[in-house]
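Paired with chain B in one complex and with chain C in the other, chain A is shared by the two complexes that follow.
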Partner chain A sequence: MATPQWPKMEKRALLGKRISRLDGPVKATGQAKYAYDMNRPGMLYARCCFAPYGAMKINGIDASAAEKAPGVRAVLVEQNMIGDEVRYVGQILATVAADTEEQAHEALRLIKVDFERLDMVLDDMNPANATGKPSGKEEGTVDDAMAAAKVVSEGEYGIPVITHCCLEAHGQVSEFKDGEMTFWPSTQSVSAYAEGMDQSIEVEQSKIHVDCQYMGGGFGSKFSHDQWGVIGALLSKQTGRPVKLMLERDQELMVAGNRPSAFGKVRVAVSPEGKMTAIDADVWGTGGNGGYRMPPVPYVFEGIPNVRNKGQGIKTNRGSQRAWRAPSHPQGCFITMAAVEDAAAAAGIDALEFFKNNLDLTSRPEVYAEQLDIAAELIGYKTKAHLRGQGEGPVRRGIGISIHTWGGMGHPSNCDAIINPDGSVEIRLGTQDLGSGTRTVVGIVAAETYGLPLEAITVSMGNNKYPFSSASGGSTTVGGVSSSTRIACTNALNALLEVVAPRLGVAPEALEVAGGKIFESAKPGNSIAWKDACGLMGPNPITKQGANEQKASQDLKLIDAGVGGVQMADVSVDIETGVVTLNEMVAVQDCGLIVDLKTAESQVYGGLIMGITYALYEEALYNHKTGRMLNGDLEFYRLAGLKDIGQLKVHMMTTEKYDSRGVIGLGEPPVISPGAAISNAVANAAGVRVPHLPLTPERVIVALQKGGILV
Partner chain B sequence: MKSFEYARPASLDEAFALLSENWGETEIMAGGTDLVTAMKQYVTEPNRVVSLRGVAPLRAINATDAAIEIGAMATLREVLRHDAVKAQFPAVVTAIQGIASPQMLSRGTIGGELCQRPRCWYFRTGHGLFAKENGEALVPAGDSRYHAIFGNQGEAHFVSPSSLGPVLVALGATLRIQKGADSRDVPADAFFQTPATEKDRETVLKPNEILTAIVLPVSGAKNATYEVRHRHGLDWPYTTASVSFVLDGGKAKNVRIALGHVAPTPWVAKEAQAALEGQEVTEATAAAAGAAAVAGATPFDKNGYKLQLVKTAVKRALLAATA
Partner chain C sequence: MADSTKTTRGSGLSRRGFLKGISAGGVATGLVGGAAVQHGKVVEAAPAVVGPGDTAIKLKINGEVKSLTVEPRTTLLDALRNRLDITGAKKVCDRGTCGACTLWIDGQPAYACSVLAIDAEDSEITTIESLGTPERMTALQQAFVNNDAQQCGFCTPGMIMACEAFLKENPSPTRDQVRDGISGNLCRCGTYHGIIDAVLEAAKTMKGGA
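Now for the complex of A and B:
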């Protein structure tokens, strides 16, 4: 009998190997159809009329001229906004559906909104604007520890609001036909997409169909069907035609979610032995019109004995925050690790030595110690490192370090494993592949369990007709689907072994699978080919369920949670222009058992690039008079390209002690540290802390001038 | 974008007949990389777009010993790959390489590059060329990080977006402008203007005139461009400096230094020119010229950092020209 536990490392045919993603060729050739690519017969294009100011009282919306405009089939006015207040630019006031995109656009300009301007708050850098309830704690005797310290370093740090910047915008195609509604959305949550929607669109839950085979990025911003999901459906019902409603880039950046800012004043006390003995942090920031959660400061170094921290949110007239890959962690990590590195510099201690000397203040000192050594080796720390500010000449080089953590426990997931009499196998689950390789992971787990090649597996997913799988967020998918798939396939295989055992003259317990055969463990020559074995089943397929239940799966060591990672950055700073060049970045990451080494490494590469981008380029900027984004485009809202990222080196921890924990999620961890590591590298190179991300030439120059390095 | 009529004349004569006397009624399209965006942003809403892509002669590049004449419709890539340009004008090559996008190089033209509209984010989001909201100027109290530090005391606060404008000014190029049978040659520094009103444009071109060619005199002068930009890949420059000078007995003569992305037009750094005239070009004299280049700058709250960029760009361009 097969058991659900993972096979021993030496017995694995596919698990942990470098395997190309199943959907690579269709994506590279453009055959993969995204929501944006869905074009239905007779389809209309919808465009939303957005509030132009960050704070307005809406007195009336007159869409009569728009209704009569050429090509317009329907206009949906948000009646509940009349008499209400707009709280950020981009709130939807009305939506036009027309034969062409251009006609929809033109009609939008005919909508007359009667409004009064109200006062706005946009500035999140000024803590005096904070109105939220402060949170925080005080443990130990911070003031005493500061007084007793050898060195107390003090710094101010900031990480601005950035957006998710999904290359595929939010939106969907909706089609109402014969009483049923079909959605082709871009979503992180196929199974639960329609939850809570039935009331607003008046279609029974069972008559709502959702299909999303490919996704152009979500990063935490695409859990909900959103207001535009409901609007698109209502317009389809009203017109009897399919409706495509995708946000345009400026709208995408302003209304489809963002990452909260965090600013902090931090003091760190260092003992004569080079140990951090106290931290005092005052943190604030904005989640726009949404709530604010204080980022964790201290981050990872949670064992600092004396801690005082305070966090407070500023409500601003900007779009609402949404979960952004590793919520709160990049902010907490940046503020903490920058303060730690400043403390090392203030104490005149090499940063790597300082980090290592303080690892007992973390919850996984052995993991970080091992990873720091590997990262140091990969980046050439010994030959390149210097104390802060020892560089010379106009272009100065430096190295920065950061460490991070994440949970990554597999989420609830259900799977159907089907073995057909012709030997074909299918896996069905209502999960989604955000581009991270979920489809491939499911295929690998099934193929490994059945002893079949990957090509033999049909993975059916991305549709809400399949068994429920949770939304993909928080690095929970790979654990969830690999566990549910493993259990379902094990159950199906055992049913097949029951059928085959009499033919081979042994009990099912004596059988195993590998290389496309079922054979007797003790006498491998006693075997039957997979296809022939399935021929014994009779006319009906075997269908078995598998569910990932966290506690049970953890007991089976199928999944686990809690990882560590270390990153180091090597940068050059041109002190005459303030331009930062990333030479190299190293990521050392633990994620338990690795299903596919290639897609795992790809996740880390992607995380690094996203992290480099927010470290060097990204920042949402707002018009102080209107509240509209100034850089609601990809022109001045910069993203890193190939020439900007330097050389990336990824090292995954794959030894037995990591592997034996089971599968742990990997989506979030690699994006947490880059801001801190790169800022620390710039401080090391330039000799002065550039307090705020992104590290733009203007910020670097101002910091160099303040530090007296540039006159 | 507003619906419009599209015309693709086969000759200049046909093109002139299609152009209006008033701005906004018709627009000339070269590569379209800027115009199409501007139309989508409702920065301009022409009734008719007149493409010059069918006017074949405008794409020619002719080189003689005395000058290189580049048709305004030559693509940036064609200019970049031209042997005579490469041999004589590293300042042009560096500036075009800085544009960095294969699509822009293939589609964008030299004439279009010179006539593109400002990238000012207030202008591009509906606040007009002078960036106002309810009559109040947005730049001084707003986010001025990419705005002008020179020539910004009037109503125009944007910067000229052209990468080639400062190069042509430094190289003493001439721009050929045609209207019907009439043709006039305008020195590059007189081609650009700071608009007096919101309705004016950033060059002396009239709505029914066509920029047909750029003439670069071949003088053997040393020349170079240095560009500071944030990203290493595709990005707008923060600041550029283009320089040209003749070395006479080891001393720099006829020094011309033009700055880009710091003023509503390419900006001639007269003090820097004077500082270097008659000097050997060394690290020290180049730095002194760089320091002189910021004379008269009037930065806003958020763009004082550009002074440092000007100093560095001028110094490095001068040193690159001598290398």
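Now for the complex of A and C:
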């Protein structure tokens, strides 16, 4: 009998190899159809009229002129907003559905909104604006430890609100027909997309169909059907026509995903032995109109014996925060690792030595020690490193270090494995592929389990008619679907082995499968080809279900949680212009058993690049008087381009020690450290901490002037 | 931004002028009257006034002539996507910044969001749909797959169109030339590393060096 545990490393045909993603060709040829690309017969285009100020009292919304405009089929006014207050710019007030996009756009201009402006709060850098209940803790005797320290370093750090900026805007096509509603959304949650929607659109849950084969980026912002999902459905019901509602770029950047900011004042005590003995952190920031959770400070170095921290949120008149790849971690990591590096510099200790000397304060000292050595080797630390501020000349080079962690436990997932009498195999599950390679992972696990080539497997997913699989967030998908697929495939295989065993004259327990054959383990010559074996099944396919139940799967070592990663950055700082150039970045990452090394490495490269972007360029800027976003486009909301990323090196931990833990998620970890590593590199090069990200020339110059380096 | 409800057909503003970072609405005003250089020739402007409202035009796309109606202000990108269901070119920034809508006009890469459909009437428009198919990819498309130069894939069609055009001009590029040449296209998933490798691999394959 086949068992669900992963095969031993030396027995694997596909697992852990570099395999091209299954949907690569359809994407590279432009044939992949995203929500934005769905064109249905008779489809209308919807556009939203949104609040132009961050705080308004709405007295009335008059859409009568818009309703009569050419091509307009329906206008949906947000009646509940009348008499209510707008709390952030971009809040939807009405939506127009028209025959063409141009007509919808034109009609928006005819909507008259009667309003009064209200006062608003936009400043999240001032802790005095905090209104939320403070959270935090006090452990040990912080003040005593500070008093006994050899050095107490003190710093201020900040990381602003940034956006998710998915290239495919949020939205969907909705089509109401014969009492049933079909959605083609851009979503991270196919199975649960319609949850909680049935009441607002008055369509039973069982009559809501969801299909999303490809989606253009989510990064944590596309879990919900959102207000526009309901609006699109209502407009389709009202007009009897399919409706496409995709947010425009400015609205996408304002309301469809903000990462909370974090600012902090931190003190770190260092003992004469170079150990961190105490940390005192005061942290604040904004989740916009949403809530605020204090980022973890201290981060990773959670074993610092004396800790006092306090966190408080500032409610501001801007769009609500959404989960952004590794929620809270990039912020907590940046504030902590910058403070740690400042402490090392204040104590006059080499940063790498300081990190290593304090690893016993982390929960994975051995992993980090191994990874720090690998990263140091890859970046050439020995030859390039110097103490802070020892660079010379107008362009100064420096290295920065950061370490991070993440959970990544596989989420609840169900899967059907189907073996057909003709030998074909289909795997069905209601998961989604965000571009992380989920489809390919499922195919690899199935092919490995059946000893078949990857092309022999049909992976059916991205539709809510398939078995429920959870939303893709928090690096939980690959663990979840690998486990459910492996279990379902094993169950189906065992049913097939029962059928085949008599033919080979042995018990099913004596059989195994590899290379397209089922054979007796002790006598491999006693075999039958896969296709012939399936021919013995009779007319009905074998369908078996598998479920990822976290505890059970963890016991089987199919999945696990908790990883470590180290990143180092090598930068040049032009101290006359303040321009930071990223020369090189190294990422060393553990993620347990790797299903597909190629797409796994892509996650890490992608994390590095996204991290470089928020370290050097990204910031959502708002006018404090109007509440409007000043850079709600892709020209001034800058993303890194090909020229900005320097040389990147990725090293995955693939040895047996890591592999034997099972599959652990990878999407979040690599994006956590770049801000800290790059900021630390800039401090190392420039000789002074630039307290706030992104590290724009202006900020670098100001810091150099304050530090007396540029006069 | 002012919307054009009235503009001229077949005006002579060069595409290059269009792409100098001005938005479609702004351009329309600059279109009326005057002569300009197009394809190196001086074209006399004899503008027939069209619009507002639907205007019948013909576009030559991937070698096929398509008849359609657009408003004068309709961009080439919206005409392709909304009127003709040709959706390879993606709408992302709609302001000529990100490159996701890159296609070729008379063989030259252009941002379809920054060209009016009515101004593309006399040109050969080439979209990603005319390159390879999943079964028969171009060397570059295959290299994108091999090097995992795509994740969500939304920027990919524009990237491919930009990279194919770049390789025509630079058949033997260096790494730095690729960085420069493709810097007009943005990706959010962070696939640049794979893209550079893919372009270099394709250059090699196209020269028979596989």
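Heads up, the rule we're going with is that the second predicted complex is superposed on the first by the 711 of 711 C-alpha atoms of A that agree within 3 Å, B and C clash if a C-alpha of one lies under 4 Å from a C-alpha of the other, contacts with A are read in each partner's own complex, and residues count from 1 in each chain.
The definition used in the following text is that a residue touches a chain if its C-beta (ideal position, glycine included) is under 8 Å from a C-beta of that chain, and two chains touch if they have at least 3 such contacts.
Because the structure is a prediction, the values reported are computed rather than measured.
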First (chain B), second (chain C), both or neither touched by A:577: first
Looking at the overlay, does A:102 come into contact with chain B only (first), chain C only (second), both, or neither? both
Counting only touches as set out at the top, which of chain B and chain C does A:610 meet: first, second, both, neither? second
Thinking of the overlay built on chain A, is A:45 touched by chain B (first), by chain C (second), by both, or by neither? second
So, does A:630 touch the first partner chain B, the second partner chain C, both, or neither? first
Would you sort A:641 into first (chain B), second (chain C), both or neither based on which partner it touches? both
Touching A:621 in the superposition: chain B (first), chain C (second), both, neither? first
Is A:702 touching the first partner chain B, the second partner chain C, both, or neither of them? first
If you stack the two complexes on chain A, which partner ends up touching A:435: first (chain B), second (chain C), both, or neither? second
Would you mind checking which one, chain B or chain C, touches more residues on chain A? C
Set of chain A residues, in rising order, touched by both chain B and chain C: 102, 105-106, 635, 640-643
Hey, which residues of chain A end up touching chain B in the complex? 102, 105-106, 576-579, 581, 616-617, 621, 623-626, 628, 630-632, 635-636, 638, 640-644, 696-698, 701-702, 705, 710
If we count contacts the way the header does, which residues on chain A are in touch with chain C in the complex? 20-21, 23-34, 36-37, 39, 45, 100-102, 105-106, 165-169, 214-217, 219, 246, 248-249, 434-437, 598-599, 601-602, 605-610, 613, 633-635, 639-643, 645, 648
Which stretch or stretches of chain B touch chain A in the complex? 1-3, 119, 121-122, 125, 133-134, 136, 138, 141-143, 145-146, 228-236, 238, 302-303, 305, 308-309, 311-312
Touching residues (chain side chain C, partner chain A) in the complex: 3, 71, 73-74, 78, 81-82, 85, 87-95, 97-98, 100, 127-129, 131-135, 137, 141-142, 144-146, 148, 150-157, 160, 178-180, 182-196
